[in-house]
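A, B, C and D are the chain letters, set down in written order, and residue numbers restart from 1 in every chain.
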């Protein structure tokens, strides 16, 4: 940053930022969408079978393993990309000649990916026969979200109002996700928490794209970063992103349920029975709620 | 807002605000009062019958359904009203000619209502034979309160001290309500939490009216929005609103109990028995507390 | 406050403040000391008897009743004192002639006492044969602490640094007490929480006296309200108050245990047995911890 | 501080600070490393034996006792060191001649040690045959962390940006540690919480050293306390410390497991059995998660 060619630095900085928004955006969106398919499927499968945790197919254990492996892989790719892009730090941290740090922004992003790779490693270890304490995978994921939020928190100072505001909105899904995942350490396999975490992850992914679109618009028309009206719109836009994330999770849940109904042999019988006894079932549900 | 006729804009703005305070105030007050009747009735009914969750009348299930339907209806009316009042945005978000956003305040209120309508939809779905996970209705309601608080949080900047203060007091019932409802996801049918949520909702409704009365006084005498004394009075007034909300919930609880006593055939016998054995019952209660 | 005789107003203000610190200080200290005797006694009594919740003497139920009654009484006295002292508002809220609020500080203190009287009423109702939901007494107490903290929060603006700081320290016992009491709604009769609440209440009482001593020193030597050193000392002094509060609770707990040992007939036998089997008992405790 | 020889005071201040960073750093690091060996060993031992809490060796009870005693000893040494170093306050709090407080920084550190000594005393008492309520030792430790954080919070004002920032990072392990330890009051012997607390304590210890290295560099090259780049590096560095702390805890956990496997007679048999049945075991684990 101690460069005299300001215009060049500016472009470089923008590229770093655009990459830094689209890449994690895609990763989180992908992770969230995977979860939004996996968790409802698993939950519906369990709920579908009368007393049937025995029959949970091996496939679901494999999915956890694949999820962990992919998390490590993407985090590794992220670290490498941040370090070895042409304008990256190439694993140099301090430049003794200019007495300055080298590309700290890329290093911070690498650090963020590092913690997600730790979460992936713990996830894979949990699946292994090693005696990893139950819930440690959720704790590692919660820490990864928390560290991401911490790095962001000290990242948004000294910027124009709209830039600060649009980055601040990320705190809701990031710290919210960290808190929800921490709760999951103690309340494992709670479908409500899992769906909420999924929504928060999708929201985070789509919001990274929104930040990219606002700060580096594709049509080239710059947003006024000082206007209060733009700030108001962004606040509202964030809520719409959340609504869409909830809708996606809802649709995937419904599709998961249909899928389990179809695949399972006894599905159709049960469904007919359910339609018939809906009113008495409601009273029954009512009772079971209270126990 | 980029209008040259300032005096006209001012009036328009005030109308938007008065409507924006009285309308949600009535909605929340109505919702809170409904709950303050329903929850005590249901709780007392359950407690009254010896081992009697079987006999919970169908009526209570219907009430949940009606509550959800009404929530959707009112939220829909709210969205329509905010959009299609004469000075509303009429579903236009961006004016390409003036290069500005159209009536963002109305759009924000619409967004708020949108999340309450989502909460209503989830409530209705929970009552349906669809396999909605238990507690999702509370989560949706919690999110609706949270989004309301988030929109308010970025709504109160750059105003006179008293205006900021009186709006800030809303954070207590709004974020408090969101937190309590989130707790209810995990502690379903806990009467203490339900009564607290009810009180917070009534408080919120009555406080919206208080804001309307202070910022747009009916007798036309404007409040001094800079005076520290007024700020002190408003803080205290908020506590009184809470006290009144607690009193209303308390009275409705007592009336609900009396009602259940009367309606039930065995009510009188049990009451006599209770009066007689009050001292031994106290010791008994004492014991059961500790288990 | 819109009085031209500034010197007179100053004295009056100081008196109001001194009274406002010594009176609640005594009340909280008394309440905390009562609890520090009652809770250990009750806990030790229960623990002492082999399977003995049946034999909890009626006396402990009475104590709850007395506590509630005293809380109502003191809160009533507090309200009356704040209203009808010579320089109080005498139940006048608004002076139409000067167009100003009358003695808002006294009104705020009355409001604070009002919520403690509500907590007292709920406590008494819980002891009555009425069907008050379990845990409502703790919720009312938690709300009373919370309202006290809320009033204080908007009370400490625009003062010299030391004054603001010494009042801010009160937030720890007040909001801490509110949070602990809220936890007790769900974890009733947890001795650790009860002792912590007791310590917080004693700390609050003693800190009110400390505020009085610092802002209105008895020896007449005014403290420098701007000096950073004084602020540092006050922070440290607060920690010492907490240490002393913990010590008092610890001593009372120990005395309660001794008392129960003496009073109970089987006390001595059990004690001998315990001393003998201490090492095996430790291993036993160790095991029961994990269940 | 009211000394005219400014250059002398400066050196003295720096010494006080360096000591104040290296000494607690070593203590916390030692405490954290002890825990990182003890907790995994105890957990693996328990998990290893089929239904075997009976056989938990006496050694583990002794370790708790030793831990408590060492905590008291180190806290006592800390208090004495802070008070009676050549430039310490020598137990004088107020100098009547200069009308100023004596070495408040040392007094604050003494206060911090005092609360850790209280935590040690409660730990020892819990091991004794006295009827200390279960969980009180964790509460005392949580309070010690909280008081440490509180003292720090009012300690970091009015310093250069980097100095404030590097001290602020301590809030994460300190208040995080306090929150985790508070949770442990209610969830005793939860290995995930214990490992997290251990990591936070190691992080705190290593971060104290980092503060020392940055503010009082050994090679004599002063850091620029105003540069934003340095602040960014420190944020990232903090994350790396956390990653290393997690790694240390992970390695110690793995070594603890190996150690228990070797020492126990039946270890090898079980391991062989586990390797064989790993896939069926995974499905089994899967099931038990849901109960």
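As a convention for this text, a contact is a pair of C-beta atoms (placed from the backbone, for glycine too) under 8 Å apart; a residue touches a chain by one contact, two chains touch by 3 or more.
In this text the structure is predicted, and so the values were computed from the model without any measurement.
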{"item": "Chain labels contacting chain A and also chain B", "value": "none"}
{"item": "Copy pair chain B, chain C: interface residue numbering same or different (half cut)", "value": "different"}
{"item": "Size of the rotation, in steps of 5 degrees, that lays the CA trace of chain C over chain D", "value": "90"}
{"item": "Centre-to-centre distance between chain D and chain A (centres being mean Cα positions), rounded to whole Å", "value": "31"}
{"item": "Separation of chain A from chain C, taking each centre as the mean of its C-alpha atoms, in whole Å", "value": "44"}
{"item": "In chain D, residues with contacts to at least two other chains", "value": "none"}
{"item": "Inter-chain touch pairs (all)", "value": "A-B, A-D, B-C, C-D"}
{"item": "Residue ranges of chain D touching chain C (in the complex, touch as defined)", "value": "1, 46, 53-54, 56, 58, 60-61, 100-101, 104-105, 107-108, 111, 114-115, 118, 127, 129-131, 133-136, 139, 143, 147, 150-151, 154, 158, 185-186, 188-189"}
{"item": "Residue numbers on chain A that touch chain B, as the complex places them", "value": "43-44, 47, 165, 172, 187, 191-192, 195-196, 228-233, 235-236, 238-240, 242-243, 246, 254, 257, 274-275, 278-279, 281-283, 286-287, 289-290"}
